[in-house]
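Input: a single structure, listed below in structure tokens.
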Amino acid sequence: MTAEPIPQPAEPILSVRDLVVEFETPAGRVRAVNDVELDVRQGQALGILGESGSGKSVTASAIMGLLDTPPAHVTSGEILLDEMNLVGLPEKQRQRVIGSEISMVFQDALTALNPVHTVGNQIGELYRVHRGMSRRASRLAAIEMMDRVRIPGAAGRVHDYPHQFSGGMRQRIVIAMALALDPKVLIADEPTTALDVTVQAQILELLKEQQDERDMGLVLITHDISVVSEVTDETAVMYAGRIVERGPTRDLLTNPAHPYSRGLASSVSSEDLKGKRLPAIPGQPPELNRLPAGCSFAPRCEFAQPECRISAPPLEEVAPGRRSACFFSDRILRQ
Amino acid sequence: MPVVIGATFIIYALTFAMPGDPVAALTGSRPLPASTVTQIREAYHLNDPFLAQYGHYMWNLVHGNLGIDFFGRPVSGLIAERWPNTFKLALTAWVLKLIIGLAIGVYGGLKHNRAGDHFALIFTVVFLGVPGFVIALGAQTLFGVQLNWVDPAGIGAGWPMAYILPALVMAFEASASLARLTRTSLVDVLRTDYMRTARAKGLSPSRSIWKHALRNAMIPVVTYLGLSLAGMLGGAVIIEAIFNIPGIGQLMVQAIHNKEGTVVVGIATLLVIVYLVFNLLVDLTYGLIDPRVRV
Amino acid sequence: MSVDRQVLSGPVEDIADEPNTWHRIRSLAQRPRFVISGALVLIMIVMAAFPQLFAGFGSDPNAGCNILNTNKPPSASHWFGYDPQGCDYYTNVIYGARASIVVGIVVTSASFVVSAILGALAGFYGRWVDALISRVCDIAFGLPFILAAIVVLQLFDHRTIWTVSFALALFHWPGGVRYMRSSVMTVRNREYVQASRVLGGSDFRLIFSHLVPNSLTPLLVLQTLGVGGVIAAEAGLTFIGVGLSPPSVSWGLQLAAARQYVSESPHLLIFPAIFLSVTVLAFVLFGEALRDEFDPKGAS
Amino acid sequence: MTNSEQPAGPGGPLLELDGVKQHYPLPRRMPFAPRKSVRALDGVDLTVRGGETLGVIGESGCGKSTLARVIAGLDRPTEGRVLFRGQDINALRGAERKEMRRNIQLIFQDPFSALNPRKKVGELVAEPFRIHRNLLPSGRRRAKVAELMELVGLKPEHMNRYPHQFSGGQQQRIGIARGIALNPDLLVCDEAVSALDVSVRAQIVNLLQDLQRELDLSFVFIAHDLQIVRHMADRVATMYLGRVVELGDYSDVYDTTGHPYTKALLAAAPELRGGPADRERIILTGDPPSPIDPPSGCRFRSRCWMAEDICREREPELVELAGAHVSRCHFADTLIDRPSL
Amino acid sequence: AACSDGGGQAGSDGGDGTLTFETTEPKSLLPQKDPGSQIAMATCANLMEMNTKTQKYEPLAAKSVKSTDAKSWTIKLRHGWTFQDGSPVTASSFVQAWNKAAYGPNAWQGNGMFASFKGYDAMNPPDGSKPKVKKLSGVQTSGKYTITVTLSEPNSDFPKILSTNPTCPLPKVAFTDPKSYESKPISNGPYKVVSWDHNQSVTMKKWDGFKGSAGFSGGATTLVAKIYTSPDAAYTDMTANNLDMMRNIQPAMVAKAKSQLGSDALYKVKTESKQNTLQFPEYLKKLRSPELRHAIAMSIDRKSIAKSLLQGNSAPSDSLVPPSLGSYRKGSCEACTYNPTKAKKLLKKSGGFSGTLNIDYNSDSDKELVQAVSKQIKSNLGIKVQLKPMLGTELQSKRNNGKLDGALFGLWGWSFKSPDQYLSQYETNGDGNAATGYSNPAVDKLIRSARGELNVKKRNAKFAKAEHLILQDMPAIPLFVPKDYGLHSKCAVMNDVQGDLQFYRAGYGC
């Protein structure tokens, strides 16, 4: 579906600039998100790819303003939603935006729903709080929303509790909640990781379909390359709190410009590799409180040169629409 | 049922094993005349072997007869006279404790690891650490004698005035554990994903706490609450003494002092049953607030 | 067994420093709760073990008394004043720590062990073992504590801190069993327990090597919260006349005796009450700190 | 090699499952109500040959983990037998049972939760030798632990650390070290790599393959990730609602799929499609039926797009398609004939 | 000020003549069943009573109580007295009540008061068998208003016995409908029971039909016995102006009351009627040596304890009877003077003491005092002393069954003022003898003859002689004579009758 080159719409609805998030820990301050920049455009899906701990969820939470301060601090950067800077927005105003203009789907649907309230109540709450609807009206709206995410017999199930639904159904309900108020941007943080293949396919289908239907921006966070390639138009790869590469999904996955993206893309097994060793990125991701100086990927990088250990390469344009943070992007692209 | 039988059996055995001779305690300085002793021992089956005594007691019990004390007063009457007092006291204390403990616990949980939390901790621990009678006497002197807001002793004023002070003291003493439990539970709940969801829905903090956090936080607390009411019903001896509330606790202590087996076992059986009933209520409440355990 | 190094798919990065002593001390310092409460508990324990270190007026709280000094208020030379027997109250309060703290610790640890074991058995085996243990607990819950204590205490000729501890411990454990049982039931199905079983580990091993250590924390917190209650229960026994008796000294005895002098000689009440409260506070804080400490993740 | 037993001949059956059923009774809803049970496994026949890797796929709740537990002897099947080298593992007692334990090991999905968080890694890796005391003099234990840790790519110096101080991949290595410590013949990997990051997953997969080669291990490899299963497995079994519905060489199952369910699974996995247009998407509708009351006849019929009346009436047998490739579908032949549906 | 604003309904309000006093929940309102009951005292007019004004025993319901040999007594009743329901008080009202109380199997608490009556043994066979007779053979009526009583042995205290609760009369209804009678008794005394609110209060009203003189009654028109489970609670109520009278208050409370309520609120009982002793059971061989007992007696610094711990609210005792009794002779207990050096010497002479001296006592009694005494013994004699507090039941059964394991710390008081009430403890099988089991034929003889002596002087001399003999063996060490205090509000004017503080006798002063 992303085969055609995308005509670039001028203005992104959500754009993140130079976002830095730090955590207070017993071992000192750690920088979990470092100078992150992202753009989400209307009707487009942005994938964020990266290993566990690379800062994907923190970025998402920072956008939604869900980080607990302390220990988290957004030390710099701006998050522009339709020109409105969410960083430093007064609490009341933020509450108005969160959940309606921009909303989020979490990884674990089992725990993301409150076990003691009916699902209808939980969806309807949004209408009551943000739209001031009556109990009755909000229930009807909830039923409609459940219908939209294709929960069979929605009217009969509004009064059920989350534990009465299967995992896939719960994820649908979470999605229904996120879509209830027609947000401009939907952030989905690993929405399918906890689900098995068949259900995963259903959910991805649903997300994609809803995105198209509503023409909203979608941020899809995952560490699953195939999911990214399936759903998204653009991809950002994160490593140790930084965006190391950005670009149109197709290009980025077929011809990565950063050694890390390259490692990721090639470590996926394919039929040809049967019986052979998989190409793996050696080593372990670094811990945030002891990031190596310079490029944080350098210790695992086959291209690393002494200079990589001295200064961190900036995220620069390496090809039209492609940005990468590596001194050797050109060389890698050419290979 | 097995619990009731087991408990009465053990209690009966314990009373049987208690030091002293109940008949000897009936008199003052002069031993009772031998014939009197014989008479009493026969009337109360005190000469029978233990199992026979117990069997006799249980036989009467299933026939609704709790026996009589050494002064010929029916035990059921003694208990019936005092039970309402104890019940009023314990229930009032329990409700107050609920309010105080939950308030402090919720406050501490919300201010987790910040100054407010520490303050709540110290507040509760002071009540845990200072002996109950000190607080009771202090409150009695201050509110009963100095300020004269309530009668310092006795239940002449009836509910609620006569019960409010002792109940408050009991409540404060007992609220510490509740507060700690609530706090821990709330801290756990606040960390859950669905609380994050609530915030992601753009709910105000107060709404997300009232609507989403509290009910979940109460789930582990309910068990404790139910059992603590059962405990309060049996465990207010010192408070009853200080505030001169004629209740079960006092009766029990007196009966133990006089080694009046029938009274002791009667009360204890009642308490065991109460305990079981509350256990049941807890289970029901559990189902009420946690849909996951509903059948 | 010989396998080439090539099995390794890459070098393994060093991930964390060895937790050396210095590191530990430094991380301790970052937890003032632990340090303060730990220090307090330690002081209390030392006080219980070696009261003569603290008591300035002789090594016997009953010596050097003068009946003519009854209840004299605190003064420069006798900070805490005198007790009704005309003994230095400071010495008495210090010595009182022994009985109270021994009772507190012995009862708590005894019931800790019992409830840990019973709770673990009930939680692990379930079915009739669970039913049996739970019913026994229910019965023990329903028993009037005073009655039971009286009966148990009369088994002994002399009432010492040990017999009092024994009697209290006998009826203190059932509460813990419940906690332990439910936390064992959650841990029972954890994979590391299964993992050990796959290796052929015996039930004994599963319970004591894996289940118990991982489910103790809630019990630990409960029990440290209960230390104060136990110390108070000792006082309560004294109050109804079946606890310790003089010349033993304990905070419980002191508080019970102080009751009738509250308005005349408040110092009799204040000092043991302060000590008792501080001890309870220390134990509660210590329990919470211990929980953090025992949580292997807490350190990172 | 410390293995005292005769290694099984290549290709000979190491493990056999013979009509294994595992039913978990449910608590009664009402007193005296009929007792229901979850039919987690409902008649499974499988064999694992020495040195081979059997892949098991299927959606959540189909009984994969139960299968792993039954094989590892954690659960005693309600019916049927699990034969290890011809011996029913649940009939063994005492020393023999212990010996069986030694030979079948299980590696869990979540590496962290499979490690006791309160034990140091050294202790954890040494635990097998504590349980099987006679295998190794206690003096040699430390050296052996160091050797094992090196074998799986960990530094022996890290023995004194706690599991949480390792990354997920490293934790899984610890689990593997424990699993191979006793030199087993069969390693059951229940989603052993599912929780790991892509880059680390490749490392662990490589490690497992290396170990298999070096130590002559057989694997039962359970995974969601169809791509990894294809990479690892010699043969693949598809499970649905407690039953094996298709079994065959990996290439047969993946390429000439003989069961609509397998087909749907493969179609749902984006990674196998290579590109959006490569394979048709079959999105299965609805949830799998409850294993408490499975549908009559063919269990898959409620979600099958090919279902006909016969599916309701009669449960299909495992029919041989080609060689060892079997499928439990009335229309298996038609499916094979039209590889792309 | 109790006159200002009373608290609850039972409070003491100015002008209406209501007085409240402290009591525990009565086991029974029958005087025979609860001999110490203040409520029974208020409602019953006995044959003899102490007159508040004269402080002498005077006939009340009786016209006269006479004997020539102290053995057979003739009691003449006043005519025209009635019970509160109007039924007449006759000889049989008394005799029937006595027979019922003296009949062992009824197990009435007042049973012991009839022990000196002829025929008591037949109604209470010592072997424990069921008695065959239901009547005291020594009690006869002649006509409606005359009772003759024959005692088994002469006893000049007999008229005093007639002032105690167990000898109260009972009306017919008490026998025909005992159950309802017990909850609302009808008697012949100055007050009548109006209501009994269980565990809270018993309300009594002044009875107009009472025919006794002012010296036999009090000033309150309404008397309310408020029920407390502990004296502390009563005290608190006192400080809150909700209670008018308390008695038998503990030494520590005396000090407290002085500062909190002012010394005006304290009423000091004029006659000391109680005594603390340390008693030695004769069956304990270890403690048998008189020298040892003397040594112990000497080792106790009674003066200091009395002054400091007891704050002067007790006096050191130097006799086996309190000083208020006629037989008292100052310093009759020579070993009761504090002399640690001599005590040590005596101890040595007695062969020393190894092992532990146990002191058994009721855990409800004054712990601090026992502890102080034990400390004195311990530090001045250098022997091990172990305190053994026990519950009442345990202590009493041990005492009555001869199972004590050490010295017994006890408090003794009289039922009526007579040396006999104290010295009978040392008479074989006498009242209170169970504690020590002390038995000395010479003493028995002296006491018996003193009892039969009608001449007061001679009688006292005989008792004194007996005391002298007893003290040589020292079965009990005199310790203290506590001063008895009552507490009262401004409205209550307390007075005691020869050491007995009876609430119903209080005057109303508002």
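We just call them A, B, C, D and E in the order they show up, numbering each chain from 1.
In this text, a residue touches a chain if its C-beta (ideal position, glycine included) is under 8 Å from a C-beta of that chain, and two chains touch if they have at least 3 such contacts.
All of these numbers come straight from a predicted model, not from anything done at the bench.
A.B. asks: What is the minimum number of touch steps required to go from chain A to chain D?
C.D. replies: So the least number of steps between the two chains is 1.
A.B. asks: Once every inter-chain C-beta contact is counted, which two chains account for the most?
C.D. replies: B-E
A.B. asks: Which chain's centre, taken as the mean of its Cα atoms, is farthest from the centre of chain D?
C.D. replies: Farthest by centroid: E.
A.B. asks: Could you please state the distance in Å, as a whole number, between where the Cα atoms of chain A are centred and where those of chain E are centred?
C.D. replies: Chain centroid spacing, chain A to chain E, equals 90 Å.
A.B. asks: For chain A versus chain C, what separation do you get between their C-alpha means, in angstrom?
C.D. replies: The separation of the two C-alpha centroids amounts to 49 Å.
A.B. asks: How far is the middle of chain B from the middle of chain E, if each middle is the mean of its Cα atoms, in Å?
C.D. replies: 38
A.B. asks: Which integer distance in Å separates the CA centroid of chain B from that of chain C?
C.D. replies: The answer is 23 Å.
A.B. asks: Any chance you could list the residues of chain B touching two or more other chains?
C.D. replies: 18-19, 256
A.B. asks: Find every residue in chain D that makes contact with two or more other chains and list them.
C.D. replies: 167, 170, 202-203, 206, 210
A.B. asks: Please output the residue numbers of chain E that touch at least 2 other chains, ranges allowed.
C.D. replies: Expected reply: 232, 390-391, 394.
A.B. asks: Inside the complex, what are the residues of chain D that reach chain A?
C.D. replies: By the definition above, chain D touches chain A via 59-60, 167-170, 197-203, 205-206, 209-210, 224, 226-228, 230-231, 250, 264-265, 267-271, 273, 276, 281, 283-284, 286-287.
A.B. asks: Flag every residue of chain C that touches chain D in the complex, lowest number first.
C.D. replies: 1, 3-10, 12, 14-16, 18-19, 190-192, 194-202, 205, 209-210, 213-214, 294, 296-297, 300
A.B. asks: Which bits of chain D are touching chain C when the two form their complex?
C.D. replies: Chain D residues touching chain C: 1-2, 69, 72-74, 97-98, 101-102, 104-106, 108-110, 113-118, 127-128, 131-132, 147, 150-155, 157, 160-167, 170, 175, 178, 182-183, 202-203, 206-207, 210-211, 214-215.
A.B. asks: Please output the residues of chain A touching chain B within their complex, sorted ascending.
C.D. replies: Listed in rising order, the residues of chain A that touch chain B are 61, 64, 66, 94-100, 103-104, 106, 108, 111-117, 125-126, 129-130, 161, 163, 174, 177.
A.B. asks: Applying the document's contact rule, which stretches of chain B touch chain E when the two form their complex?
C.D. replies: 18-40, 71, 73, 81-82, 85, 140-141, 144-145, 148, 151-157, 240-244, 246, 250, 254, 256-259
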